[in-house]
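Working notes, beginning with the structure itself.
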């Protein structure tokens, strides 16, 4: 069971800020594939991975990173702080 | 007739902050030669020109600059502002 | 060293007055303040979304890296989230060091990382509608200076 | 744009609060404050001598160069002369610009030039006697960055 969070326009496209996802995905990329297949809004949010960033347990990570032991996954566009 | 000013340790070595100098020196270097010959304190103050800077009418200048039309000459060590 | 992530506004002058003061090992204090800019006059407000928890962790890690890399006496980061009007302060970084180069470099390092590595997202609301501020390649490129 | 050469102390926080505020064309404000440092605990006071007239001219020329080179909305330089104690502010530079790189670079440019091209001379008075602060090669070298 993963806590999946969405921020900025990813959150707007998915339509909610967070959800619990039951998954056996081994990597972030596999999780994304699962989500994409679910519904159009996911396919839309994850259509261009180059415009997306991922954090695992609040640390920036990569799409090929393993999900083993991870509790919280967050997807968002490149950050625009400062 | 030139207004000659001294700052920092140059002032301390010469013993006064400013004086009027009657001179026919054509350049800063010639003026320094004249002053050096005057008294030991001038010779001491002007012993190492690499440690000195000069301003003509409040603009940084060079030792070979002409004194033509100049009213105020200032000698001082490298600046330490900021 | 202090990090504050908050919705409330703040006064950069008051923050600077209380920062690293009375310390005799400090020769240089640098501050950076980011302000909501509205060049065209069409901006009503800006809203900043953030990732609570990760934001604090990410900024704390940047401050730790800066402290290890430069000889700093003190360091302050304030970053707001939520709604703010044109002319209002978004964030502030302050660094105090014995020497000016360290204070400047550490402040610029923190700014460059806050721009692209702290989980904040800006959305602008104006007369022409609303939109997420896009990240700039030059902000990403700025990080290479510190590698 | 304001330049102040003065014997009196000043409060950098109060100066920053009043600087470029309420302007919606400003996205970035950088400040630098120089403080009398006493790392070894042996400094009683610092005295700064200056060349009245030339000081103001030299700083005004630096500000003019910075304004021509960077897109600045505002710029402030304060530099003290006379006696000051460890922990007291010596000088301050503030820059306001649409973008952060311009604000940072202009502030560093002004600092580098104030260090080596404004007619100030520092003398330290301490438990071991007194002496003029010597200029550093690295301060002279810093100017080459801007050529």
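By written order: A, B, C and D. Residues from 1 in each chain.
In this section, a residue touches a chain if its C-beta (ideal position, glycine included) is under 8 Å from a C-beta of that chain, and two chains touch if they have at least 3 such contacts.
Fair warning: this is a prediction, and the values are worked out from it, not measured in the lab.
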Lowest number of touching-chain links that must be crossed from subunit B to subunit C: 2
Rounded Å distance, subunit A centre to subunit C centre (Cα mean): 26
Subunit A and subunit B, separation of their C-alpha mean positions in angstrom: 72
Between subunit D and subunit A, distance of the C-alpha-averaged centres to the nearest whole Å: 48
Residue list for subunit B, restricted to those that touch at least two other chains: 82
Shared interface positions of subunit D, touching two or more other chains: 34, 100, 111
Pairs of chains, among all present, that meet the touch criterion: A-C, B-D, C-D
Contacting residues of subunit D [partner subunit C, same complex]: 11-18, 21-39, 41, 43, 86-87, 98, 100, 103-104, 107-108, 111
Of subunit B, residues touching subunit D in the complex: 5, 7-9, 11, 55, 58-60, 74, 76-82
Subunit D - residues contacting subunit B, complex: 34, 48-49, 51, 53-54, 57-58, 79, 90-91, 111, 114-123, 132-135, 140
